[in-house]
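So that we are looking at the same thing, I have put the structure below in structure tokens.
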Amino acid sequence: MKTSMFTNLARFCALAALVSFAPALQASGGKIVIKAGRVITQAGADIQNGVIVIENGRISAVGPDTKAPWDADVLEHPELVAFPGYVEAHSNRGMDRPNENIEVAPFLDVRDSIDPISFYFEDSLRAGVTTINIQQGNSCVIGGQGMIVKPFGITIEQMAVRTQSGIKVVAGLRPGASRATQAQALRRAFGDLRRYLEKLVQDTRDGKDSARREALFQGKDMDKDENKKGRAMEGSATWKVKDLEIVPRGEIDDKQEPLLRMIEGKLPVFLYCDSATSVGLALEVIRENGLAATTTLVLEGDSWKAADQIAAANLPVILSPNLVYTEREPVTGKEIQTFVPGVFDKKNVRFALQSLTPSAQSLWFQAATCVAWGLERKKALDAVTRTPAEILKLGKRVGSLEAGKDGNVLLLSGDPLAVKTSVQYVVLEGNLVYDRSKDVRVKHLLEGVEQNNAAPTGAQATDDGDDDHKKVPDEIQKKHDAGEKKDEPKKDEDKHDHGGKKD
Amino acid sequence: MLTAILTACALLSGPGATPAKGEPRVLVVRAEKLLLGDGTTLDAGAVLIEDGRIRAFGKDVDVPAGAGVITHPGWVSAGLVALHAYAGAPEELRDSSRPVLDGKVAWAFDPAHSDFADAVAAGITTLVLVPQRNALSGGSSAVVKTAGARVLTEQAQLSLSFSAAALAPNRYPTSFGSAMAELEQRFEKPQGAFARAKSGELPVLFEADSREDVQRVVAFAKRLKLRGAVYGADWIGELAESVNEAHLAAIFAPFDPGEERRTIQSVLKLAKSGTAFGFGLDSPWKSPESLRLSAALCLREGLDRKLAWRSLSSQAAEIAGVGERVGRIEKGHDADLVLWSGDPLDLKSRVDAVFVDGQRVYEAKKP
Amino acid sequence: MNLSLIALLCCTAQTAQQPKTQGDAPRKNWVVSAERVYTAAGRSLEHGTVVVQGAKIGMVSSGSEDNGPETLACYAVTPGLVDASVRINSGALSVEQSREETPELRVTDTLSAYDIAWDAQAGSGVTCVLAAAPDLNVIGGLAAVLKTAGEPSIEKRTVKNDAVLRGAIGSQPSRGNHPAFGRPTDFYSRRPTTRMGVEWEWRKSFYEAAASRKDPARAFKGSTQVLAALDGKLTLDIQAWTTQDIRTAVFLKEELEKEPQLGGKPRLVIDAAAEAWKEPELLVRSHTSIVLPPFPEDGRTDDGAFMAWNTAALLVEQGVPIALSAHGDTSPAGRLSMQAGYAMQGGLDFDQALAAVTINPARMLGVEDRVGSLEVGKDADLVLWNGEPFQATSRVIGVIVDGALVLDPRTKQ
């Protein structure tokens, strides 16, 4: 299609921009010192004229009088504010497509779908997001495994922070299915796993070796200990498969193995609920399959109405980007607005925020909106740094500027929540990966400066994962796109069928 | 052709025609309770009918020699008057080919249609047939009897539609603004029904849906000094004051059992401010039984009993412009009576028999 | 059911109060006491007071006052915001599409005061708007300036009827029209189907209207309004997103002025001028005012236009009068006050941003004698904030329209 050439050129430009950010400071043994007029550590009081020392990718010291090693590169900006990189607890952007057609597909991995030069990562970096948990989208029953990345790198390996960071489970309504069907499919997925394992045990007892032959055919090294040995079923599910230890682990099919890992509490779960109704289903699934310790709920719609139950189950939540939920009072027709984070804060439920858009309304904007609606500034900032870090089990690595944590530091032109503030520099694991003055696309966005191969004016394909060059038939594209839209509630049939509408 | 003319003559024949069926010319109907036009009741009352008209009523009514006598162990009232129906010809009344149509509904309906029999069986003796609201003006409404194929008023109201249904994307007018402008223009040098409406002779039936439609109706009616009634806006009661200022009446679409409380409250608001109101039938889409149901729901919400009764009978007749002919047990009125098993506002009551123009047109089968 | 009880509790605990608009808003002589009073009339006060008298502003002064229960305290108070392109109407039902030009039709005949969109506007601090028909026609008709709260009557809320003559240049008016292949099926088989057709309709209207001055037989429905626009008595409000359309609008204005048979003195406001940043000098030399559309995240807007984030700052620098608009959005990210914030991100300073959402649009719409700033004698339209007005960390906690308290800052929110 006509626009694909331009878009490809734009993508190459973005790529080139990325490459141009290539850390110029690596040569000095990985030591960098950042001096800022104000250091917001997110771990105690702000430090005036603070110093952050990063060695080998980790912060080795933060303080007002910290001595800088003589051989370190120094980034000295008394006019700027240092802040920890934001942590995006859950996102399904940055992939070529967020969903697959298969309902239960735990064997999929977003690693195979992430597009490193997607504009999404560039936008995230510009907005100061340095850790992103990419998960599959919501049009599935059990989706693939996710991955935590940093938005910098040309290859996925370079971007990786942690692979197989969690699995996506959907209790919410999927387009094309009713709630009853979705619930049934979800329960059946676990039921299928159980039946599969029981059959495997029985087959092993009967001396059948088809599973072993299949494993070998799939290329597994059955001599390795981890494949050769069997293990009793672990975890706290209400059901257990007896004698699972007689089955060598390697014989468990790759398609079922991630589910078993999830049941055994070894694979974190991100459970999506689109409404309060689906929260009930979610809690039931969690209870039956022993997932309480490893699950984070990803909420949408009016799920907040079930906040009491969520609080009782002691689960952390990731909130919908729409922080203010609006509904109409049935009798008077007046709008009722509910500030959702406030509901969870009152019930002491740990919550993380999602960005609304990759750059203009990124995590800083969401935290600022929370402050506007009365949430304490500290809690708002935690919800975009420390709490998502903890939820992602990276609490020891990101979310604040403390010794021992990753050297992910932002240098901001002002207070993080002020509207005029922009990210001037980003240091990622000790490397300077972003310099706003060299950001080619910012100039374009801000001033409309025409680039030869920048994103041109005119109708464009979407930001990330554009499909033009893939030549997907329209009908299939539409089906996928439809998967991302929420169903609109049906309007009541009007009384005057032959006449007008109700007031 | 000749048959058509004769039929037309028969249809338009006035009262006092020779009774076609086997009811005596003079008839006395005695009732346990007589429900009068103002909503009061008379114990052990009677009605004297002669040549299809009511000649006398009261506690003591002389029974002339040769008169038939019916003693009814229940209530007797005037027949119900339902406003705004499409009975007998719903599809004949929908025309959006032009913004202003000059038709008369009286020419379009089939009096033998079963819709009328259904209405009779529910105690309704007078119906206002209206054009549908898909044109700026669908034509003129007609007042008809539900039995005997009689047209009481050939041109009862000029229908003007202020509803979004009058607009269409593929023909003029497509917007409210131009619709209003078109109507204003039509009234500038009015002809036919528009002239009669402007002079105050012919009331207008304003079709509306929402409160903002009612606001436009009120402004228009005041500006052009038109009189009439507004149909279709459930929450019109919330604008009772301005409706009164424009001297308009309100007609409600028939209620469902689960009708929104706010709509019923709207009726009460109108009653409180003294605005005249009645109920439409919307047949054949709604059952004729919904007429009594609508009144009963309002009663339950606190509407004055007498007002509720009047809205189904005498007041509705006034809104339809036939208040001097039907709607009340009154000397000189058409002998349209319903014999009930009890209070018609009580939904437990059944229709036992119906008289239209002095003829027994319906008798309920004994269970 | 358990969940609905929870819902009710959650609702009462955390809901924001919704603005009153049904004429039941209490009206007293309110005293607003704020740490910052931003008047949009040249001065800002620290620790100031604004006193409402009836429906007008009675006093603006330094120093805090406490008038007991009628004192409303807040961090900042500004004039009610004015949105010159709010785009709230009845959709296609607001436009007569059987003709391409309907200059005589008023959009107010098609609006509903019961639309909850007005309540949402008032709740987000926008107290005064320009209501116009959607741009489905080349010339859509007469637009009006309305208040967003008050008695539920469009008539009573109207500040100025026939404030501007609304129309559009670009691809929008021609969408839906198609050439007649074979037999025309409906009246959409007509011109214009292209931009040049749209421009032809504009010029035809003006030339025909001008001709009707001498020859009344050439008058047409709406020619009076077109003449009024030509003579500068009625401001022209033309939507033009892209550079080519902005140029067309400006050149049209200049043609109206220069052509001897037209001899016009038109006043031009261009709405949704997303690409105004490309040729500001055109706007300066033609004395055109600009209403900017909402800032898009990636710069891409309607009609294929690209809006640079520094557009507002650039135009102000060049001396072009600008106003910002939100196109009806009241969400945290899209509301008018956030548009001002985005403009500040693009380089506008606070006072300029404030002007762009208050006095500037008021002036463009010809209602600056009544709204747009906190000055004695003007309408008492005030917005109370819980922080600095255009920050993402602030929002509207109180609104007064025509002296009536529409959103009460004292209720728990």
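The letters A, B and C name the chains in turn, as written, and every chain counts its residues from 1.
Everything below uses one rule, namely that a contact is a pair of C-beta atoms (placed from the backbone, for glycine too) under 8 Å apart; a residue touches a chain by one contact, two chains touch by 3 or more.
Here the structure is a predicted model, which means the values were calculated and not measured.
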Innermost chain, taking as reference the mean of every protein Cα atom displayed: C
Identity of the chain that, by mean CA position, is farthest from chain B: A
Interchain centroid distance [CA atoms averaged], chain A/chain C, Å: 38
Whole-Å gap between the CA centroids of chain A and chain B: 65
Centroid spacing, where centroids are CA-atom means, of chain B and chain C in whole angstrom: 47
Contacts with 2+ other chains: residues of chain B: 164, 210-211
Contacts with 2+ other chains: residues of chain A: 503
Multi-partner residues of chain C (each touching 2 or more other chains): 114
Footprint of chain A on chain C - complex, ascending: 3, 6-7, 10-11, 13-16, 18, 114, 116, 119-120, 123, 242, 275, 277-278, 295, 297-300, 304-311, 331-333, 341-342, 344-346, 386-387, 390-395, 413
Chain A residues touching chain C - in the complex, by the definition given at the top: 119, 276-277, 302, 304-309, 322-324, 328, 333-339, 342-343, 346, 356-361, 364-365, 368-369, 371-374, 417-420, 422, 444-448, 455, 457-460, 463, 503
Complex contacts: residues of chain C adjacent to chain B: 90, 92-98, 102, 104-107, 109-114, 133, 141, 152-155, 186-188
Touching residues (chain side chain B, partner chain C) in the complex: 164, 167, 169-178, 180-181, 210-212, 215-216, 219
